[in-house]
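So, here come the structures, one by one.
Look for chain A in each of the two complexes below; its partner is chain B in the first and chain C in the second.
Right after this comes the complex of A and B.
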């Protein structure tokens, strides 16, 4: 640990911490643009200038430290504990001033330079409201411009499938270039021209036609890390002002990595998903599949009412009707003729209640696991997208099998059982799930198929009763990722129509069959899981918290 | 009359000195052979340190000191020869490359031997096509004769030299910009520290030296430290006695251009005055000297009051200017300083690499302001200082005096100082390009303010007579601060007393 004096504070920070981070930990803002904790530090924006102290050159030991002649950049100034003879003022490892008159003046000057060619088009800029240039100008800048010359107007550019570049707003911090070089390793972006004509661009032919587009699977991150409104997501362009959206901390449901995300929403649906920092899982990043994969939540086709099949046609019905129909059917058949299938898209809580329902109420041991078909794995220098496209395969597998000797039916064995069953209760929740021939044939043979899903699909077409369930954005719960992190998702929006949270549907069915399942909120189920499921002992509702908990 | 003292340029005009055989006849490679035969590598480093040789590229940093920073336990180490001579007004390296490339090779060999370096990169300015051709031919000969390659001259040393042409960027003359460019990246300077001596080319310890510095090495080794230190202003005799002992030894290749009768490169001992130098270059063309740029276009300008300034590293630093690369540009009374500044600012605005904020957007801004002044669109405001009393009309009112404010001159000074502050010598930029921009901008404006004011007042460029255009010494801050070496006559007077 290094003991440093930061302004008037005496603080301890980890060795190797830079001043921007050290100050941030103690609530002091050191404005910066080019510095990003996940990228290299070129120190080119010169915004984080600070005053560092050192003994005057050639002075005898014990001389009080004085401010250095030059200001230093906070992002490249790291502190570490010094040997006793090199302590400043006999006790500090570093003395740093982030609010001295020189620093304040330097910030003003840099901001003035940053704004000379900036179009100041905040009223039509997507970034307004979450723009570092805007914020720091308010806090640290001049109120007036002295620039009366002509401004540079570089062209607007289409960089790739989801990224637009408004070059005029660019402050050339090169975060995006470094991201493509260091994290995605694809290196599509670079600087063209020189000096004040610097522009970010993709490789182009002499005529200007793109040679390589910014279309790697992590491209969306450059929009997040752009401190100004230069890189803009086409998906979010002109959709909403950031301050009109509410935010919920959640977990991406796109694959088993379990990226921490912030879901931004209004009452009418989701607007965008942004990555949230988690040191051990996704750092600062997420992939575009997850980022842009939320649209099904907002879909107009979402199942809103239960459906029942009358004479081969599915028609909407009421919940009471659908539940009665199901319970009647379930009580008619033997326990061995029932197969209950949980979902790898569902939360641990959904699957736990389902498991309890199957085990305690239906007394069946035939529990299966259903999920999205595997996709491709993508590896980047600092990021991996996994092939398993379900967020909770690990959790669902453990929890469904917890009371059953860890036996969960999957793959061909599952579909063999399904083909021989009379009633199948399938919780899907998988958007766009195409059925393979064996799966379809098996499901077609089922006498009475109950499907709980979010969107009409090939699976729901075959169902005798369809129950409208919910997506990750509409419920609370936890996911267990492929490396054993149990993390919490939070409800952002209300389910469409009369759709209900999956475990609540299961619980209602259980109640109709006189089962004793009575939970009131997801945390209660999480505690029940912690109590009853092997390995989940630490994963209580209280312990999971914001950062999640890694299973032993 | 001062005579040229030709050391580096001694054999420059010998026909075919660029070929190995002719060079060999003129003591070629004997100094390198002497170095290997008589000295250990550490002895040579010590000799260079004792000689007081300062880097001739611009910063004037002690070469021996720079070598001492190189960690000896990290392999490989590199030598990088900076032949990207692009400071306006400088053209001395070019002659060495084009006429006597073997001298450079010999200097590189001595440096490589002293530092235990096996690989040298010569980064040549892209425009020096002839220079590169001549150097490549000389390298080929040296390889053939066994002075380069494996087991150099039977000593067991392996030394290879590679030439690399630049692509025409001024900033690649900055040592870390040069290294980035050499590595195949965009020519943008690195943050320091770490300095190249610790982490340079391919993140290995690297010595970056100018052509002229390396060309001095054979003569230091060949003729000895004592011989070398005799050249240049002798300090300690009271005549040249700067506040801090700071050796200025050897000769300098002064590139004299502008309004002189015989412009060109003159090799002279360090420590001559501007006046003497103009004499060497055939005298002034025109009536009187208006200004002298002492060290390439980025150096602060000297007025005709400051012509007694000695052109060596220490004296010019003390005169708030710099020797830089030794590119001396003389201007006579017909030159308009606003126009000169515009010319220089156009160059710097074009050459800013655009990496860091102040320089990227500050340099074009400074250029635009000067352009506006030169176009006659400079802004001027009349303000009235409030003072209340009985006005002419007999009423109580403001009787304050009016004052002319040259808004654009204040803006010019402020913007230039925000890139790099010339008064405190602090800069917010990554490299010293920032100060190279604000130095001329601020010094021209301060020292020739009447001419700038005239351009704004009369909405056109006005060339004033020298005496009127120059700010008198008593108002010239830099002039007040400068250090004036004592003349011999004064010295004698004081000793007599």
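Right after this comes the complex of A and C.
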């Protein structure tokens, strides 16, 4: 540990911590643009200048430290514990000022330079409200510019499928270039021209036709890390002012990595998904499949009312009618003729209530697992997108099998059982699930098929009763990722129409059949899981908290 | 977004002679990327200017991304991304040459060649219709003691007057 004096504070930080981070840990802001904790540090924006102290050159030991001749960049100045004879003022490993008059003057001057060619078009800029240039100008900048020359007006550029570049707003911090070089390893971005004509761009011919597009699966991250409004997501462009959106901390449901995300929403739906830092899972990043994969939640096609099949046609009905129809059917058949299928898209809580329902109420041991078909794995130097496109395969598998000797039907064995069953209760929740031939044939043979889903699909088409369930954005619960992290998703928006949270639907079915399942909120179920499911002992509602918990 | 991407129909590659030069060249540097400038000069000498095909070829040779090559090409004004004349005439316009009447030399060249001066973004403006000459202004050519000066391709000409310019242009091989 290094013991440092930061302004008037005496603080201890880990060896190797840079001053920007050290200050942040103690609530002091050192403004910066080019520095990003997940990238290399070129120290080119000069915004994080600080004053460091050292003994005067050639002074005898014990002379008090004085401010250095030049200011240093906080991002590249790291501190570590020094041997006794090199301590400053006999006790500090470093003495640093982040708010001395020199530092404040330097920041003002740097900001004036950064704004020289900036168009100051905040009223029409997507970034306004979450812009470092805006915020730091407000806190550290001048109120007027002395620049009277003509500003450079480089063109707006289309970089790839989801990213636009408003070159005029760019301050050339090069975060995006370093991201493409270091994290995605694809190197599509670079600087063209020189000096004050520097522009970020993809390689193009002289006429401006792209030679290569910014179309890697992590490209959306450059929009997040852009400290100004230069890189903009086409998906979010002009959709909403950031301050009008609410935020919920959640987990991406796109694959089994379990990236921590912030879901941003208004009452009429989701607006965007951004990655949230998690040191052990996704760092600062997420992939574009997850980032842009939320649109199905807002879809007008969402199932809003239960459906029942009359004479081959599905028509809407009331919940009471649908539930009665199902419970009547379930009580007619033997337990052996029932197959209950949980979903790898569902939460641990959904699956726990479902397996309780199967076991305690229906008395069947035939539990299966359904989910999105596997996709492709994508590996990047500092990120992996997994092939399993379900967020909770690990959790669903363990929990569905928890009271069943860990037997969960999957793949061909599942579809064989389905083909021979009279009643199948399939909880899907998988958007755009296409059925393979064996799956379709098996489901077609079922006498009475109950499907709980969020969108009409090939699966719901075959159902005798369809129950409208909820997506990850409309419920609380937990997902277990492929490396055993149990993490919480949070309700952002209300389910559409009369759609209900999946475990609540199952619980209502159980109640109609006189089952004793009575939970009131997801955390209660998480505690029941912790109590009853092997390996989940520590994963209580309290323990999971904000950062999640890794199963032993 | 336009889905149009540059399609490289005829890939560029070094001819036999330049291949040998490149092989000799690459051995001088600890990392391949360091050979970027001489490799680009070599390619420009062969192709006349840097096309997307050249950038892709150089990127592959040096094991870097195409963007790294584009980055370097746009940084240095000695690399051209559009066709230039057979002879590129660079005329110094910095202070010592200006004091020694480079404007007279420039005006003479403009009349003689019948062309305007190229700008960095528009080389065609300074290129003669027959594609023989490109006239461009440059910053200091590091020969202030013999101002005014011009460079024709790789050769420097000193202490110029309109008469000397005429002689220089006459003795250029066709």
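The rule we apply is simple: the second predicted complex is superposed on the first by the 552 of 552 C-alpha atoms of A that agree within 3 Å, B and C clash if a C-alpha of one lies under 4 Å from a C-alpha of the other, contacts with A are read in each partner's own complex, and residues count from 1 in each chain.
Definition applied: contacts are C-beta pairs under 8 Å (C-beta built on N, C-alpha and C of every residue); 3 or more make two chains touch, one makes a residue touch a chain.
What you see is a predicted model, and the numbers here were worked out from it, not measured in a lab.
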Which of chain B and chain C A:158 touches, first, second, both or neither: second
Which of chain B and chain C A:44 touches, first, second, both or neither: first
Partner chain in contact with A:71 - chain B first, chain C second, else both or neither: first
First (chain B), second (chain C), both or neither touched by A:212: second
Partner chain(s) touched by A:194 [first = chain B, second = chain C, both, neither]: both
Chain A: partner with more touched residues, chain B or chain C: B
Partner chain in contact with A:172 - chain B first, chain C second, else both or neither: first
Which of chain B and chain C A:313 touches, first, second, both or neither: neither
Chain C-contacting residues of chain A that also contact chain B: 191, 193-194
For the chain B and chain A complex, residues of the former touching the latter: 169, 186, 191, 349-358, 360-365, 368-369, 372, 411, 414-415, 418, 424-430
Sites on chain C touched by chain A in the complex: 1-2, 4-6, 51-52, 55-56, 64-71, 74-75, 81-82
List of chain A residues in touch with chain C within their complex: 158, 160-161, 186-194, 201-206, 209-213, 234
Chain B-touching residues of chain A, taken from the complex the two chains share: 42-47, 49, 69-71, 73, 76, 106, 109-110, 112-114, 116-117, 146-147, 149-150, 171-172, 191, 193-198
